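There are two complexes below, and they share subunit A, which is joined by subunit B in the first and by subunit C in the second.
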Partner chain A sequence: MKSAQEAKADQNYRATLMELLYQLADDDFIIAFRGSEWLGLAPHIEEDVAFSSINQDTMGHAAIYYQLLEDLGEGNADALAHGREASQRKNAVLLEEVNGPGHYLKKPLYDWAFTVVRHYFYAQAKKIRMESLKNSSYQPLADAAVKINMELYYHLLHWKTWFTQLATAKGEAPERMKNAIEKVSADMGGVLTLGPKGEEMAALGLIESEEVLTQRWNSEMEKVFAPLPMSLPAVKMKRGDGRSGVHTSDLDSALTTLSEVYKQDPVASW
Partner chain B sequence: MPVITTLEKAVREKLALVKDPEIDSVSVLDLGMVEQITVDGSSVQVKMLPTFMGCPALEIIKANVENKLLELDWVENATAVFVYDPPWTSERVTAEGRERLKEFGIAPPPEKIGPDGAWHVDCPYCQSTYTTMDNIFGPTACRSILYCKQCKNPFEAMKPVSTMM
Partner chain C sequence: MSTTLSYDRLSEEEKHAHFMERIEKGDKIEADDWMPDDYRMTLIKLISMHGISEIMGALPEKEWVPKAPSLRRKLGIMAKVQDEMGHGQLLLRVAEDLMKPLGKTREEIMQDLFRGDLKFHNVFHMPAPTWGDAGLIGWLVDGAAIITQTNMLKASYGPYARALKRICAEEVFHAQHGEAIIMALAEGTEEQRPLIQDAIDRWWESLLMFFGPASASTTGASKQDTTIKYRIRTKTNEELRQDFLDKYIPRVLSLGLTIPDETLHYDKEKGQWVYRQPDWKKFKEIVRNNGPKSKDRLDLRITAYENNAWVREALSPDGAVV
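Presenting the complex of A and B:
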């Protein structure tokens, strides 16, 4: 399919494509929000600059997907980003989880190890997805993937560096990384799944199958873990499938915060 | 045909005056952001390529391009649209753009990237090659922060972006 016009003419294709776009959009949107809560709190000033830049890029990626949804007749991109309830969101549960106890305005007790592991695992999964989407049957999505992939290169490099350095550091770091790896793995399955419509997505050539993508992610992880003094536990989906609309209260509170200004005046021009 | 060429030329002259909101020595043409100009009577459409997707300057650039083109007597409608195909790459920065970036204290993007993704740029102030990477992520999405060990100045460089990545 070359254009939104063509996709709109095929109801089944459009519906399956939109399912995929919502997953891609909502994943990037919520992890960019969680990342931005670290602003001013990152371990050092250079990291504050880098992490902000990554969050800004990632929010830009979410904006592309919401725009593709708008092009398919789903309504205004800003409304799709800010106006949807938690139950309508398709992001993985892992990505909505708070950075740690406390609040960024009061006493944030955020866990950097959890953030590094979550962002690294996610960036690697996203990389595999982008490589597959470059050959998507929906050309506007394939074009977007080429663009996103170039920026993602820097994100993946960044998180991989943090990941391997902390995992092999002296002191408390490896122990904290081990705990974070346990925690992230328990819900990483929710990131890797394409949800109830995954098979249809693959059949329509929108993206390769969940099995193929998961296999690629596992083999990348094996390479990275090989020299490390720790191993990757089995990946699970402990708290449910966000692709089916299952979410935690962490998503509700995130949506309340991030849409606060938007909801004051949805038609305001920025 | 010659008429259209003249009109397009007028459009390009105007676009040369639309500067990057954060680097006022380079224009959108210098940065290679202009992909296609279509003139249809009194309407002009400019297809543009975003450097980085999350760049907050995109909407400002779009408005600046449209307003600048409306300054032409014969233009009644001007629209700038961002497209991703082809993707913007740092190779698109023109020779002139590379010089203008240096004037602003920003090293142009490296022309070559090593097989391992490593890259190197010279100091835009003293041209020394004795530089180190301080932070691959800089104050804006498209820039990195480096340090020159020769003239002891921190400086920025345009990040290399390529489809090979």
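Presenting the complex of A and C:
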């Protein structure tokens, strides 16, 4: 178990740890943003309340990871969240994708099926990751995982309920869900990967290997899909590896919004 | 049992007299209790408007949720809008219970909103073009809301009074969240400080309007007499506005800001603030959904409603696979 001070003294350990922390932070930061764009637009008011609570939790998780990076000497957490360019971001491409056509303030024709599938798949992957991180060799990250895991239990329950309910409903819901599952699976590989430094992360005991985690995710999915009238297509990384800095223009426009006020004066106190 | 039976035998007038007696001695009326029709209708109108205003009220701040300039501010505003949605839900549940004997549901509330028959609060028709507005909404709009809602904490209708108790407690945090944003800007750079003055200039008239006209003669309609008679509220619109001015004028001035009304002064003899009346004709137009942002915000909700029709279908009892 290493403390922040010990991690800072070990160059190689610190670099690999930071890689993992950036992935965790950037994933949550961008998916919390995509979720928050739904505010006032969810299928019913109860969902608006629940979803905005989940987004708030998730943004809180991102803030925890950015703080861990700050503690490792990476600079101010707000600057890490708001000041980095798209090419420096490590989030999965799937998580930056827009919710659908339109803008969050004008004619948002957002796709609820896509949102349910993306959030469910992501919450499941995140849950598996947290379980593994509880035993991380980096103590502050293991502590954070315990805290995050408690909230994640409810997120997962929430999305799993939506997922199975819509997948088994009458009407056009199952067809929409099938399409969404295909769309999400095509890029889900980008969420499951630990990126170019994945093997080193496992070797340093920061997290278990990508293979082990992916296998766990697959077996959870198999259980959920078994009674459903649809199957899980092969998971791919169609649009590239966000962990290596590959991103789409959706991330650029998201970052413009997310940092609009911050960039008016990055050194001011807001 | 015997009391219930005899109660059923009472004439409408006697029931009414008994009802008035109950509320005058401070009894709480519950959803299943007998109540006069105009009491029920007044509550439905008041509470559904309040509930829908909470929901529409999340929209001016929606723009600023992702744009909030730090992680802490992002979390703060996310928590606030989530609370607002929660208040909307809580209040709509109260309104739904009152509407039940009329055979109406939330669906009617939403349709009334879309058609423009159910109004939402004047402040939520206004633009919020800068981060300063996001701070000001929390500080002064929520501050004003605390004053009107505290006025109804002892409302004769129990379910509403209980909902308000929780809502007021959370609104206090919202006002603190807004105040914290305003303070940071007030102590900030030369570019940051004007954000507050601009926001005050933009919002002042709306804040005066927030409490409604002093009497029905101003705009041709006011429910305040009915709500006072039925012990739903205690103070008049003007008394509430004066409370707001008492509380906030010193705070605004202490930040070195000005209020865009050169006639504003305190009349010591009368013990009240004298201010320039807002344009009440404009107020009427705004709440008729002819405000600067009325259409955009309604459009957002209507688009979402139509776009999610398939989800409602899937969730309906007919939609679930047995």
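In the analysis below, the second predicted complex is superposed on the first by the 266 of 270 C-alpha atoms of A that agree within 3 Å, B and C clash if a C-alpha of one lies under 4 Å from a C-alpha of the other, contacts with A are read in each partner's own complex, and residues count from 1 in each chain.
Everything below uses one rule, namely that a residue touches a chain if its C-beta (ideal position, glycine included) is under 8 Å from a C-beta of that chain, and two chains touch if they have at least 3 such contacts.
Only a predicted model underlies this, so the values are computations on that prediction, with no experimental measurement involved.
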item: Touched subunit A residues, subunit B compared with subunit C; value: C
item: First (subunit B), second (subunit C), both or neither touched by A:Gly83; value: neither
item: Touched partner set for A:Tyr153, first subunit B, second subunit C, both or neither; value: first
item: Which of subunit B and subunit C A:Val49 touches, first, second, both or neither; value: both
item: Touched partner set for A:Thr257, first subunit B, second subunit C, both or neither; value: second
item: First, second, both or neither for A:Tyr110, with subunit B first and subunit C second; value: second
item: A:Gly40 touches, of subunit B and subunit C: first, second, both or neither?; value: second
item: Which superposed partner A:Pro233 touches (first subunit B, second subunit C, both, neither); value: neither
item: Subunit B versus subunit C as contact partner of A:Asp265, first or second or both or neither; value: second
item: Touching partner for A:Gly245 - first (subunit B), second (subunit C), both, neither; value: neither
item: Doubly contacted subunit A residues - partners subunit C and subunit B; value: 46, 49, 52-53, 56, 59-60, 63, 270
item: Touching residues (chain side subunit C, partner subunit A) in the complex; value: 55, 58-59, 62-75, 78-79, 81-82, 85-86, 88-89, 92, 131, 181, 184-185, 187-189, 191-192, 296, 299-301, 303-304, 307-308, 310-315, 318-321
item: Subunit A residues within the subunit C interface of the complex; value: 33, 36-37, 39-46, 48-49, 52-53, 55-56, 59-60, 62-63, 66, 77-78, 81-82, 102, 104-110, 112, 165-166, 168-173, 176, 257-258, 260-262, 264-265, 268-270
item: Subunit B - residues contacting subunit A, complex; value: 50, 52-56, 59, 83-85, 87-89, 117, 134-141, 145, 159, 161-163, 165
item: Sites on subunit A touched by subunit B in the complex; value: 46, 49-54, 56-61, 63-64, 143-144, 146-151, 153-154, 157-158, 270
